[in-house]
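One structure is given below, represented as structure tokens, and several questions about it will come after.
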Amino acid sequence: MTEIEIGRGKRARTAYGLDDVDIVPTRRTRDPEVVSVHWQIDAYRFDIPILAAPMDSVVSPATAIAIGRLGGLGVLNLEGLWTRYDDPAPLLARIAELPPGDVTPTLQQLYAEPIREELIKARIAEIRDGGVTVAAALSPARTAQFAQTVVDAGVDLFVIRGTTVSAQHVSPAGAPEPLNLKDFIYQLDVPVVVGGCASYQAALHLMRTGAAGVLVGFGGGAAHTTRDVLGIRVPMASAIADVAAARRDYLDESGGRYVHVIADGSVGRSGDVPKAIACGADAVMLGSPLARATDAPGRGTHWGIEAVHSELPRGDRVVLGTVGTTEQILLGPSRTADGTMNLVGALRRAMATTGYSDLKEFQRVEVVVDTSR
Amino acid sequence: MTEIEIGRGKRARTAYGLDDVDIVPTRRTRDPEVVSVHWQIDAYRFDIPILAAPMDSVVSPATAIAIGRLGGLGVLNLEGLWTRYDDPAPLLARIAELPPGDVTPTLQQLYAEPIREELIKARIAEIRDGGVTVAAALSPARTAQFAQTVVDAGVDLFVIRGTTVSAQHVSPAGAPEPLNLKDFIYQLDVPVVVGGCASYQAALHLMRTGAAGVLVGFGGGAAHTTRDVLGIRVPMASAIADVAAARRDYLDESGGRYVHVIADGSVGRSGDVPKAIACGADAVMLGSPLARATDAPGRGTHWGIEAVHSELPRGDRVVLGTVGTTEQILLGPSRTADGTMNLVGALRRAMATTGYSDLKEFQRVEVVVDTSR
Amino acid sequence: MTEIEIGRGKRARTAYGLDDVDIVPTRRTRDPEVVSVHWQIDAYRFDIPILAAPMDSVVSPATAIAIGRLGGLGVLNLEGLWTRYDDPAPLLARIAELPPGDVTPTLQQLYAEPIREELIKARIAEIRDGGVTVAAALSPARTAQFAQTVVDAGVDLFVIRGTTVSAQHVSPAGAPEPLNLKDFIYQLDVPVVVGGCASYQAALHLMRTGAAGVLVGFGGGAAHTTRDVLGIRVPMASAIADVAAARRDYLDESGGRYVHVIADGSVGRSGDVPKAIACGADAVMLGSPLARATDAPGRGTHWGIEAVHSELPRGDRVVLGTVGTTEQILLGPSRTADGTMNLVGALRRAMATTGYSDLKEFQRVEVVVDTSR
Amino acid sequence: MTEIEIGRGKRARTAYGLDDVDIVPTRRTRDPEVVSVHWQIDAYRFDIPILAAPMDSVVSPATAIAIGRLGGLGVLNLEGLWTRYDDPAPLLARIAELPPGDVTPTLQQLYAEPIREELIKARIAEIRDGGVTVAAALSPARTAQFAQTVVDAGVDLFVIRGTTVSAQHVSPAGAPEPLNLKDFIYQLDVPVVVGGCASYQAALHLMRTGAAGVLVGFGGGAAHTTRDVLGIRVPMASAIADVAAARRDYLDESGGRYVHVIADGSVGRSGDVPKAIACGADAVMLGSPLARATDAPGRGTHWGIEAVHSELPRGDRVVLGTVGTTEQILLGPSRTADGTMNLVGALRRAMATTGYSDLKEFQRVEVVVDTSR
């Protein structure tokens, strides 16, 4: 990033979002059919480089199975309604219908219900019975408490996800010892994906904990207001490019460990998927695009775990509407021209149109910063 | 373009659209009457440097003739309604009246009808009988199949136009051999215009195929959503300037072949025509400005061939309304002050006001990047 | 201006508008009462550095007198309704009431009426009888024809004003010899103000014709669409700064001739007046701010001479509404906080707040480019 | 700030607002509970680094006491309604209900009432009786007249606040001697906070007068139109960074005097508080966020002292609505996700999330310039 002077006492780099950049075709083109978009992390191979974000509006046990069968990976939020209530269906229906002024207090109240271990087990078992790779997410604060239950229940990929997750968390004296990520990951039998992070240094330290993948981003999603509330944000294109540089340097430093970079948030339309990869991502974690599915739990509405905080909510429930099934959104065919359907077809075509045949090569495609938007 | 760092792992140049730039007058002025705006490509001379884009809302055989008689060149889309149906008139009327939600599925269905060779012949013959230069367009995928028919039918200028056309297309093993542009153009008896392209390298390789002209751009037009769907775009001012540099370098490399640079898309108001030329274009290909003609086939609505894709539509039907006849839009007089009428009069006056007397000289006029919009 | 590369084939400088810049206070402040805002051009001294633009919505003989008595200078357009009709009052009323769709054709028709020499004489005489400095404007194309009449009628300051006026105008062979500005100004007995221009070179050449002042700008006014129609524009802050540099260099080259730089257009709110002077202007020519006067001829509507062109209108009639009398707009007191009233009071306070006591010094005040708007 | 050329005759630095910057997390995180946000100026210690601006819509004697008890500091405007009227309550109610067109004239009339010394004494006594630190503000023009009354009444912190306050004010010959800030502050028994200022030089000179703190900013607040009316502004992020550099240099020059930098204006949402501190502020002075309190005197409306100027009003009464009590706005819990509640909780969390434990350290947190907004 180019560094400028904000004032005599402060310097800053300039950072760019996915909407600031465009992909530039090269002198070569391909047929979309010869393009591969498969992605592999640890022992798990996926036909498409798309993860569904652990948000109650996006991933239920049923949609986790459906997305897995379509070639992607649905990540269940283990601190959401599915582990607090026996039957979240009526609550999801109620949230979708709430008038705007009632949303935040109602979410705060619904998510105040305690998390139940037996529901964690049941939900993971349900996904496992669906025959797909099982991934589930906890926040750093609750990871120590529930991790063993989660592993015992048979999770394949363990996701630790918070607004910001660091390799070095400081707690007050006398408080319970905070999660030591490095020890935790070392002792765990399953691969761990951890984030968000958004800078070279933060990512490098997360990589050193032994994580198989890092989530890039915070505060950029359609339903988040982290920037307004906390002032914290790193525009996604720059965040990915910084973290991808950490991946490269850590690959060298570790003598060959390739830590996957997963863009989490700010990927709103199909064109953002190739842009994220062009900036250096290996895969993308989607929220709002999948919340538009007719079979998504949010019924056309969307919110994240930040929205339910009891003291400082940092997200809202947004109304997106629906455009088609999860399958149509991921694999097409598309019946609209606005980038909400056939995300994988769009990725294939973007790669074909610019002459690339696999995701790793496509990270090198030229981009421009577009001032004309 | 100025290169900046998006993040540690990615660099990019900054790119500008026509709306980002302004033309700066010099110390000299002229009368508009002494300004020449004629343009010549291969053996064909045109009074005005304006091509009508091969879009069904803009070019029918009748409007191709009308535009030719006004001094320009209408390019017929040979994969549109005119080569799929005996009488597209009722379909055009229907498309113009479609409610927004029905547009994409209806276009997908209407354009699923097969292309008929005898209609290709008939449409070209009809334009030829109008006594004007005949130009018609195919996509790269269909060029091999229909090219001989087109040439035999008597086309003067052959246009190969796709979202991105490259000199080197890779197809899957076992698939039919892709179009080898260089061989194809070499064997063809008529001059070929080919595109879109948007970068120096891509344009240079297209020029080396023997094309008489290249189309600059993709995804910038009023009816396209390529940027949203694929993430691909190069803002037009920068794209033209890059391709114009390729023209200059190829002129040297080839010992004197001047390949014409035609800006295709993003030219929405009369002021964009001189801007495109100021950035280095020899001529402009217009869509939406001509779709506003009372005699245009689209009846005040406008869509491109990208909008009809069966799996991944990348354009919409936009409603523009009408402002006057094709003649009034091209040659005036204007009855509005919004840049929608008398495009050629505006070009003449822009050149006169800045002291230039022909298009080639005018490519050197000073421009500024305007931060005040 | 900082030069950047638009693409390989084109470079450009970055240009800034008045809205892009802010004035920065220094370490000193003053009382507004000790600030002088007087301005002198040739033998004529004005209490306030404000000219009213030669537009029919702003300057009638009556308002020219009123503005003169308030310390400014009203410039009458000699090609407007006042020199085409005995009594423009009913036409002005009609224009103010026109529905939007009828404006351009009606203006084209009303201004097609011929200009009458006896009305030129009568209007100038009327202003002269008001006891104020008399200034009147012609376009370059009509200057030769009517100049003697204007001078004989007793004008004090002669204004030649067009979209772009150059020192070197080229006409077709066989056409009447174009106006040679240098000869014309040399032979004229009264000082000449000429423009618009917007670049260092163009301004320097205009200064060399012997003009007492140059008008900076074109296409920036509230009622103009020159940028949309012709693609021509230079943002005002950069234009003023460039022309002010020409003033300084010409002062040296000529051994002491100080040519006044008058910002014409883009000065919409009171805060734009000190900004224009901060960028290097000696005075400002106002349109829309004065058209908001209850006693302005436009009755709360506003249009320029560009709007009436028979072939290529480049402006519209805009509806501004009224805020107070011309006196209140210029000298206050203000009853609104939006920068539409007490323009001179605002200028005084801006100078006082930043510690400056006269206009010439104030041209040195620090400005910043403001990215936060 | 990066310097660019506006035109040949003028250079400028680029300046950034709080909305242009984002805070970037580091590789470390903390619990919000271990974060300290206390602030101390002179002998006065505050639990939270928040001052309430001396605006009648924000600070009454009652709210000054309430804010003081919550750990902040309410500054009473001694030139507002509370020192002109025995009972401002009905006037505040009336202002809140005024239709837009009547606001400015009514404010001008209400604030034309004379200031009464006995009311100054009474208001200060009332706050003092509340058991909190007492702070009150005068403009530079009235400081000499009322200062002794204010000090005698028992103010703890004396605030001199104007659009721009300089260390060197020039008055007309024959006028009363202007306030000599340095002498005044030297002789005063209480610490003085003075501003606004917005540049390194201006701030450095104010620091040399002996002030305990300087206010950064003018024209940036929600209810101000200084930029539109006067053309004067410095975007807040750059202003703070410049003044923070002056603090550092003055600390060295003075052999250890630390002058507090207080951002005044442009802090509209909770995320702006950590941003202001990240740019170098020690504390923030809030207007509109506190005017949204149900117990604020403005009843959901908001205006500043600039809005009441008799000749040149430079602010408006804006309607903000209410979101909760002053306590909820400052300390939470929040019931909205838009950054209007729990400002201190948001500051704590922003610091915790980026790994900082006190305000002084947090001034070093990395920020980026965000082009993606």
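Structure notes:
Every chain is named by a letter (A, B, C and D) in the order it is written, and numbering of its residues begins at 1.
What we mean here is this: a residue touches a chain if its C-beta (ideal position, glycine included) is under 8 Å from a C-beta of that chain, and two chains touch if they have at least 3 such contacts.
Keep in mind that this is a model prediction, so the values were computed, not measured.
Bringing chain C onto chain D by least-squares fit of CA atoms involves turning it by 90°, to the nearest 5.
Both copies, chain A and chain B, contribute mostly unmatched positions to the interface they share, with under half of the numbers common to the two.
Chain B and chain C have Cα centroids separated by 40 Å. If you average the Cα atoms of chain B and of chain D, the two centres end up 56 Å apart.
For chain D, residues that reach two or more other chains under the stated contact definition are 1, 14-16, 237-238, 369. Contact between chains, as defined at the top, is found for A-B, A-D, B-C, C-D. On the side of chain D, the complex with chain C involves touching residues 1, 4-10, 12-20, 104-105, 108, 163-172, 175, 178, 197-199, 201-202, 204-205, 218, 225, 227-238, 306-307, 310-316, 369. Across the complex, chain A is touched by residues 1-2, 14-16, 21-31, 33-34, 200, 237-246, 248, 269-275, 278-280, 332-339, 342, 345-346, 349-350, 353-355, 357, 366-372 of chain D.
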